[in-house]
């Protein structure tokens, strides 16, 4: 697949879910908060394009609003990762070998050492399960990823002549980091961002599968899976649909990430040629 | 080499100390009192107070931390509030399931990923390469607990090749134990194999672009010989890091899979201990998992030095 | 179509005969934290040991009636304050030591002691003294007459233990029951084996294994795959239809002592206004909750009383599903802030909560759902009383007296009701007791203290060839004494 | 030995070589010279059958009776390393870091000769000794990272000639090496050809190297051999205009009149600079390495001062200290009387008087900025952008021969030479008195280099600039500086007017340096002196 093809397929898939999520703010085939037990476990039909769940709610609407939850949680978690991780990485690279650099690196190793899911469970146990706490739990583990990626790429830029020229022009480390280093690693951060975003979707699904993500009545894919699991033998569609939604969205994001990396990183393009 | 190992060991010790303080602080803050949980709804307040005293929950924070941390060093992790069994035995019992499961999944993942990654790199840009890249993308995107559900549906209930879960114990011999761990291991191994295959492929492609491969070809080595004799070993370094990370994830990350297959492993013990507010178990277990991860990273570092002579003489 | 092929395949493979006729594997959702019923409240402990490993002076029968156990008979003084229990002869503990009066004295004194950690300490509060008259007779003197005392002694928390073996009771229980403890693999199973020199009638089963499967899906798969023979409290009601359709299995539907209620914080405004509580009760459609959450298993109740109990009065009419009345009442009360709905882990609460939230929203009452673990629920809701609404099922037998305790979590304080319960406590005459029970039910129904939803059904699944399992659950227990394979 | 006949190669549709015919005589040294991008390396790779992915070759490469281009891969493997050896330009990355040098040399033997490992290692020991790496000082179990660039190139040569091939192809073998090491490697290659009857194809961009080594020379331009013949006749005749232009540029002397004033501008007084080496263990004290050991010199206003030395002699460390990038451990550096100490808080007034031009045209510019902002960056020193910024940038660009319209374009749209011109414009923008030229022309092709040197000479006169010209290339320094300093392991070993130092060097090291620098014999260039 040419890099372009990967990018477009990925972007297309992700866009489908993004649009579904945005659309769900204004309109969904049925109201997800209203339950009508009479219509429970209906198969696919005109009124219910993908059938109904054990409370009689329309699965398509649930998936649309569920997409909104997943995207929101994963997006904000990436935001936390970038917001904290990138500055830390830049500072560590700017003061290479200093105490700050050592502390940032040791802190990173420490957070990586913690089993992410166990800590997520602990956080939700301490503050109570909610979408916000899921964001916090996932966000924390994004920070070291971005810090490490930023520091790594920034370090290689610090050796380049135009940074030396900037220092000769009297610019301080902070100013150089912002004016020279950051713009030249944004490509890498975009690619890493897409990957962390797709991991965020998976993490949110896992957390809500064990009941620690978004709380009812806000629908979430993970919880739909958990509730449908016991009916997998009688109504397999209930469990398969949310799973497919997760797979499709994450696949889309990863393909987009790969496409972006090939497009933006000249070195890879040359290796391919 | 020894000096290199020593300096790494000391810095790891420091991180362990910091980790223990962080864990103890976070867990002590959890609302919900283990004693109240154990005595249920009709318990009288003085009965709850008596139990708290019995479990030693009333000491000051610092004194409890010191006794816990001190105990950890000597291998005495304290007694579980709910099970009233030494935590060490509880963990050892559960380790006999989580460790083999993690190793089994890691073996599966590595056995699949190496040939696949090698093939994709060798045929870079060809149809097989894109095919492999497509399937590994899919492998990464599938949530492993959903995949586990499907495995149970197909192989346990419909085809009846495997039991739907549970663990018969190792007394009945290696085979029945492994059989019970097969489905969970496959569910865990799928995403890991996909990630490892991709890392293997990019590492190999990176190495194949190096000058010394061109030198080898100029010496008369065929393309295949150049890959096997030179490229593979150099590509091992980034792959080692990923394998190290994956093992530590498998050890603790299998919580959900252990739930789906109701395997009494470490993951499920942590999960139950948190819901039952069995704080002593939670603290000790998280500390052990962190210790395991740090030891694994330390071993990976040593493996680096073994593979790469440039690191060996670095003091 | 899918179900047909599935059933066909399973029928084929089920052909293999169950060779072992005298052993059984029982599935349970929760693993007991330990095996000492006098030391913890978890229902799972009694589900394994009650009547199997440990026995009390008296015990509950399958229909909930109090039957003799270690005490074959007891006589009561006229003023009802002195009970003399006559013990069976030749009863031994599993470690061979004899069970005599001094063991009973030890057990009761231990339970009512100052530092005792017995979960049901209140059962022993009335005891003033316990003496062993002779090795086979024990006299218990109460501070004030208590018609319920034999009933109290039937609880799991009142079983008789021996001083020699109490230290390790939590992990290696030693009782007088027909089965002795053999092995506990933490997180997986507990195995009991038949006690050769049991004082009473020997049980049909030689060995029983309790397997812990918390995940409903895994429970279904285990039952279908034949890993488990019977699942007394099956966690996935939605799959019962499948078992009913399969000749290899039988579904045992009975009732429990579990009154499932939507508890309201009667002190916290706006719920201190009876009109709002009435509106909430009318807004709720019980049948929808039973169908949605419990897939049709459960009987609607109008007050806090078990329908299978002879004194039950059907008061569902007082709080029938009537959205219009509810809307009118809400309008009368005026603007209502969103009510905090705290839900403990069980499915009746989590699923019931979502349905109730939707039903209340239709009449204009907004709710905020927060899912809690049991430990958090106990601290924040039960002891902390920091809630507006919560859903919980009270599974203790005949526990309407909790409405007489103002400090209880829904904080209902009605002196008139407390007098009725006080009198009930002291009267032994059955007719008078039944009158009092009926009055109590009417009172809490009219005060709309809580919204009474349904009686939790006992939905069990078992291999069709097993007999003797309890249908109802007067108390949480899996009494295996009468269980046998028919073929 | 090998005769190329109308060899043409296209890669991804672009024609790289067109109809190259060259006869590489056995036992002789054939030179192939041309600027970068002229296709000389591709010619070599075509002969070895190692053309990159997606390239197609046509024509013939006759070896004895067969055409190498038509041979199947299996036969090519048998040929490579056995009958034809090859070495490359970048020795630092040419060896597998994870294998010992003994293994890598022995591998050539074992691949072709099915010898036992012990025999192969014995032969490897001999070949390594032959290339100047005797086993006592360089045991076979050494790893590449423990050797210098020159030593690694010797290992590569040992590998290539392990089986006494009939032809050794050397693609820019000494370009990345210092001048003294280069001389030794070239002598080694000449010795191998003489003693072992091997023919050598020497590919380089340096006319002087070819003039000293080759029996037969071919000049390539844009994929074609424009002229070839015996070396001396070719230099004397230079029939093709491109050859003449190439020759003129490599011996170009920019016309400059020394206009050094006697007022001092930059005074370096006993400067000392130490590096902390890796610490031994977590608690061990870090070691110290003295890179600059008490260097003193004065640079006068308007003067061109050269600083020459091989890599590792400390000249770039000294440069960074002069630019205020690293702190001194001893002594002081004063610019126009004001002392320079490292760190951004150095007073802007001092910084404004000194600017720098770096070596790598591709690393000197932030790819994401337009040229205007790149050139105007030094205005940061004059606290705030001056009002007339755009036209000052335009003037600076015009001054260096870049059309002002380039201001709004990005740096990747310019060639190497144009980029150095923009770098010079950036250095001029704040009207400094001193410009430090750190290997400023080393990365440029010889013709572009000549233009830049002319530009620098013109600017010096126009603006009265002082230059500190740092380079490892003696011939360039000789042509542009008034005075020169020779640096070795952290100290200035010799200093004086350029012509006297080059004509009559006093210090032995300087003598060795000058002797090692390849030059085209004077009498060859008799007729058409530029």
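Quick notes on this one:
Order as written gives the chain letters A, B, C and D; numbering starts at 1 within each chain.
The working rule: contacts are C-beta pairs under 8 Å (C-beta built on N, C-alpha and C of every residue); 3 or more make two chains touch, one makes a residue touch a chain.
Note that the coordinates shown come from a computational prediction; the quantities given were computed from them, not determined experimentally.
Taking each chain's centre as the mean of its C-alpha atoms, the one that lies farthest from the centre of chain C is D.
We define each chain's centre as the mean of its Cα atoms; on that basis chain B and chain C are separated by 40 Å. With centres defined as mean CA coordinates, chain B is found 22 Å away from chain A. Our note on geometry: chain C versus chain D, Cα centroid distance of 88 Å, whole angstroms.
We define each chain's centre as the mean of its Cα atoms; on that basis chain B and chain D are separated by 50 Å. Among the residues of chain A, those in touch with two or more other chains are 125, 229, 232-233, 236. Among the residues of chain C, those touching two or more other chains are numbered 6, 215, 217, 224, 373, 376. Looking at chain D, one finds that none of its residues touch two or more other chains. Applying the touch criterion to all chain pairs gives A-B, A-C, A-D, B-C, B-D. The residues of chain D lying in touch with chain A in their complex are 12, 53-54, 323-325, 344, 346, 348, 351, 354-356, 358-360, 363-368, 377-378, 380-381, 426.
Residues of chain B that touch chain A in their complex: 11, 14-15, 18-19, 22, 26-27, 29-32, 124-125, 130, 133-134, 137-138, 140-143, 145-146, 149-150, 153, 157, 205, 209, 245, 248-249, 251-253, 255-256, 259, 267, 270-271, 274-275, 282, 286, 289-290, 293-294, 297. If you check the complex, the residues on chain D that touch chain B are 48, 50, 73-74, 77-82, 85-86, 88, 90, 93-99, 107-108, 111-112, 143, 145, 156, 159-160, 278-282, 284. Looking at the complex, you find that chain A touches chain C at residues 33-35, 37, 40, 54-56, 125, 128-130, 211, 215-217, 229-234, 236. Interface of chain B with chain D (complex): residues 3, 6-7, 10-11, 210-212, 214-223, 225, 229-230, 233-234, 307-310, 314-315.
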